[in-house]
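Following this message is one structure expressed as structure tokens.
Note that the chains are named A, B, C and D in the order they appear, and that numbering of residues resets to 1 at the start of each chain.
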Amino acid sequence: MRLLPRTAIIMILFTATTIMAFTRRPQRVIFFGDSITAQGARPGGYITRMKDALVQKGLANDYELIGAGIGGNKVTDLYLRMDDDVLAQNPDVVFIYIGVNDVWHKAMFGTGTDIDKFEKFYTAIINKLLDRHIRVILCTPAVIGEKTDFTNQQDGDLNAYSQVIRNLAQKFHCGLVDLRETFHTYELRNNPGNKDSSVLTHDRVHLNDNGNQLVADKMLEALLAK
Amino acid sequence: MRLLPRTAIIMILFTATTIMAFTRRPQRVIFFGDSITAQGARPGGYITRMKDALVQKGLANDYELIGAGIGGNKVTDLYLRMDDDVLAQNPDVVFIYIGVNDVWHKAMFGTGTDIDKFEKFYTAIINKLLDRHIRVILCTPAVIGEKTDFTNQQDGDLNAYSQVIRNLAQKFHCGLVDLRETFHTYELRNNPGNKDSSVLTHDRVHLNDNGNQLVADKMLEALLAK
Amino acid sequence: MRLLPRTAIIMILFTATTIMAFTRRPQRVIFFGDSITAQGARPGGYITRMKDALVQKGLANDYELIGAGIGGNKVTDLYLRMDDDVLAQNPDVVFIYIGVNDVWHKAMFGTGTDIDKFEKFYTAIINKLLDRHIRVILCTPAVIGEKTDFTNQQDGDLNAYSQVIRNLAQKFHCGLVDLRETFHTYELRNNPGNKDSSVLTHDRVHLNDNGNQLVADKMLEALLAK
Amino acid sequence: MRLLPRTAIIMILFTATTIMAFTRRPQRVIFFGDSITAQGARPGGYITRMKDALVQKGLANDYELIGAGIGGNKVTDLYLRMDDDVLAQNPDVVFIYIGVNDVWHKAMFGTGTDIDKFEKFYTAIINKLLDRHIRVILCTPAVIGEKTDFTNQQDGDLNAYSQVIRNLAQKFHCGLVDLRETFHTYELRNNPGNKDSSVLTHDRVHLNDNGNQLVADKMLEALLAK
């Protein structure tokens, strides 16, 4: 078989590379969570802010950010809808941001999630994603109440459930955005009056502008880390 | 092809029938549930009473009854352990008897099961069993408190969750042992003093001798119905 | 001392009686309760409807109706504020309409009222009122959810706490407006579709126009009964 | 009237003083609380240990220690039974040791105490005692779970309710035994393994020998401080 002349080879390689560059599918990133994530996809929300930041960095074509948050969701809800809302979309990266309602609904409806089952369903979600070679980044639940003197009713549980998530991130070699830790550090510096809300949230749970920006910064850092 | 002589045919059929009769695997029946079922496998428990009844009916070799109850279990626990504790045993029949803790843990630990998720996980369990052509018989949760004047705290929820189970039995053409209805009818006749326990339970929830016998009778009736 | 002539005595008595008749203070009636009563004092509310009905009956000057409802109140709240909000106003009649939050807050905040303490604080309120010779009329809590098939989550507790109130009414010879019973009877006739709300409430708990009218009718009947 | 001779006066004074010294009533000290206090009155319990310590200090005749703890009690229970169980005994000193169940029963029965009402009923108890010139010493609730990494479910609430008690002690110039603080300091030093129980409790809440001794030491210190 005759070899192609050198020029021809170079042209072919150049053309192929060009096509790849222009047709390269952006990384599809799904944010899988509760009402905080549902609001994050709105104007001013953390996902919207991440998109803006990617534009500024000239990376707008490299990432496609998709919100998949539903109000009131707990880890069991994520598990039940992950085939339809996540896997069916063939994501490259999934942020899992869940836990507030698993803790909060204990007091609000009597239907919170036992911590052992929180870990089991969370593990099942991670396994399904890793089986498909999807990059997984875990987030700890930030706050229910912003007081800094350890008197928020759910502080104990939020700490315990966050520890479960940190352990899972380590065990499965997933990324980690430790919002619980991030918020705590931020509050110690910026909430000298021990306020219950309005520092990073507008209602003790859902993010205000500062909160959305802080989450966007940390998530973007994690996304681009690899 | 030459035909076998008549005598040979008769001998072959007789032998085959005999072998089948002696080697026929009994129907494997798993009782999948919570502490009521865990206790049901003990002496005096409803599963033990069903075994005794099968012996008396000369059906001891036709059914193998296996308890798979764990204290505190809710529908999500059953879902998480069904591969190991049920499917791995290749059952022919599965009784699902769950719901008390899904309701009760709302008040006791704040970790009850939302009714919509109760239905979704229950459905997932049924689907996995039916996919393997396993016969499925559903049971409604009987009582938390035996008062007959509708003042047991969880009466409303037990009625609502039982209705979910009745609807699932109809939708998936499963068997149904409506213990909620059975107990209610029994209590109306046998609990004129509006006692909170000691008619069919010893502690408002777990079965006493009368309760175990009543459940055994109803479950056996359902098992042999087909 | 000389006696007054007969004529003078008659004139004096006549004048005094006439003055009393014209200056007779109307009966002061306080409605002591939660958000249902707070809303009852608004236009269209049950207290407002009672005022209208008294006008139509020509009894407008005989009764002064005063709302003393505060949202979220339980029996312990009534107990704590009864000196300021009830006794300080020297009422002739007090309607006590409490219990919904005592039951509901179990699931909503984990701070419902134990049934034994519900009875004790309710008793303490009644005793304080009776000590001052105030006429007391008790009301049972109507509904949390209007379903008629006994599947409202709090039905069991509402029945139990209502029974406590009925027993107290009997024990202390108080009036009773059995709204739990009244609503149940009404729903059986007028809620064939087993709706969760919008028959007598607009949100499962707070009264719509029909609900306010029904409560007004029953309370007026009780008020005028004596 | 003739004056008594000097010698007679001296003799009378001497005799009176002697009688007073020998018949001086010991200070009556009531421990008003929940199951921790009920158990504190048993052998090995913190009240029993305080009695032993008083004997060793030669102060056995100066103080009469009386347990008035009832299992499951919350602040509203103390309020309801204080006339019978405390005031009727004419105490000189009352230790109030309550709060664990006010917090814990939120998750266990749905009948915890709202923090604002905790303060109101606690205040009412203090006022009734101070009106009678009884010395009052407040105790903060120690622990529900002994983990030191802030992951005990009720940590947030225990901190918040303890802060209420500290503020009340300051406001009403009462004594304070800050068991929450004492236990926390002790656990940091003596629970390096982050154990959930068995350092100062045997079941996360009720005191083991170490716990009873620690409470006895701190309470005795407070009692003798004045």
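The rule is short, and it goes like this: a contact is a pair of C-beta atoms (placed from the backbone, for glycine too) under 8 Å apart; a residue touches a chain by one contact, two chains touch by 3 or more.
All values reported here derive from a predicted model rather than from experimental measurement.
Asks: Taking contact as defined at the start, I'd like the list of chains shared as neighbours by subunit C and subunit D.
Replies: A, B
Asks: Where centres are the averaged C-alpha coordinates, which chain has the largest centre distance to subunit C?
Replies: A
Asks: I'd like to verify one number: the distance from the centre of subunit A to the centre of subunit B, where each centre is the average of its C-alpha atoms, in whole angstrom.
Replies: The answer is 42 Å.
Asks: Compute the distance, rounded to whole Å, between the mean C-alpha positions of subunit A and subunit D.
Replies: Roughly 48 Å separates the two chain centres.
Asks: Measuring from the mean C-alpha position of subunit B to the mean C-alpha position of subunit D, what distance in angstrom results?
Replies: The separation of the two C-alpha centroids amounts to 52 Å.
Asks: Multi-chain contacts only, two chains or more: what residues does subunit A have there?
Replies: 106-107, 109-110
Asks: Using the touch definition from the top, list the residues of subunit D that touch subunit B in their complex.
Replies: Touch list, subunit D to subunit B: 106-110.
Asks: For a test of understanding, state which residues of subunit C touch subunit D in their complex under the given definition.
Replies: Residue list for subunit C touching subunit D: 76-77, 80, 105-107, 109-114, 117, 120-121, 124.
Asks: Can you tell me which positions in subunit B touch subunit C when the two form their complex?
Replies: 106-107, 110, 145, 149-157, 159-160, 163
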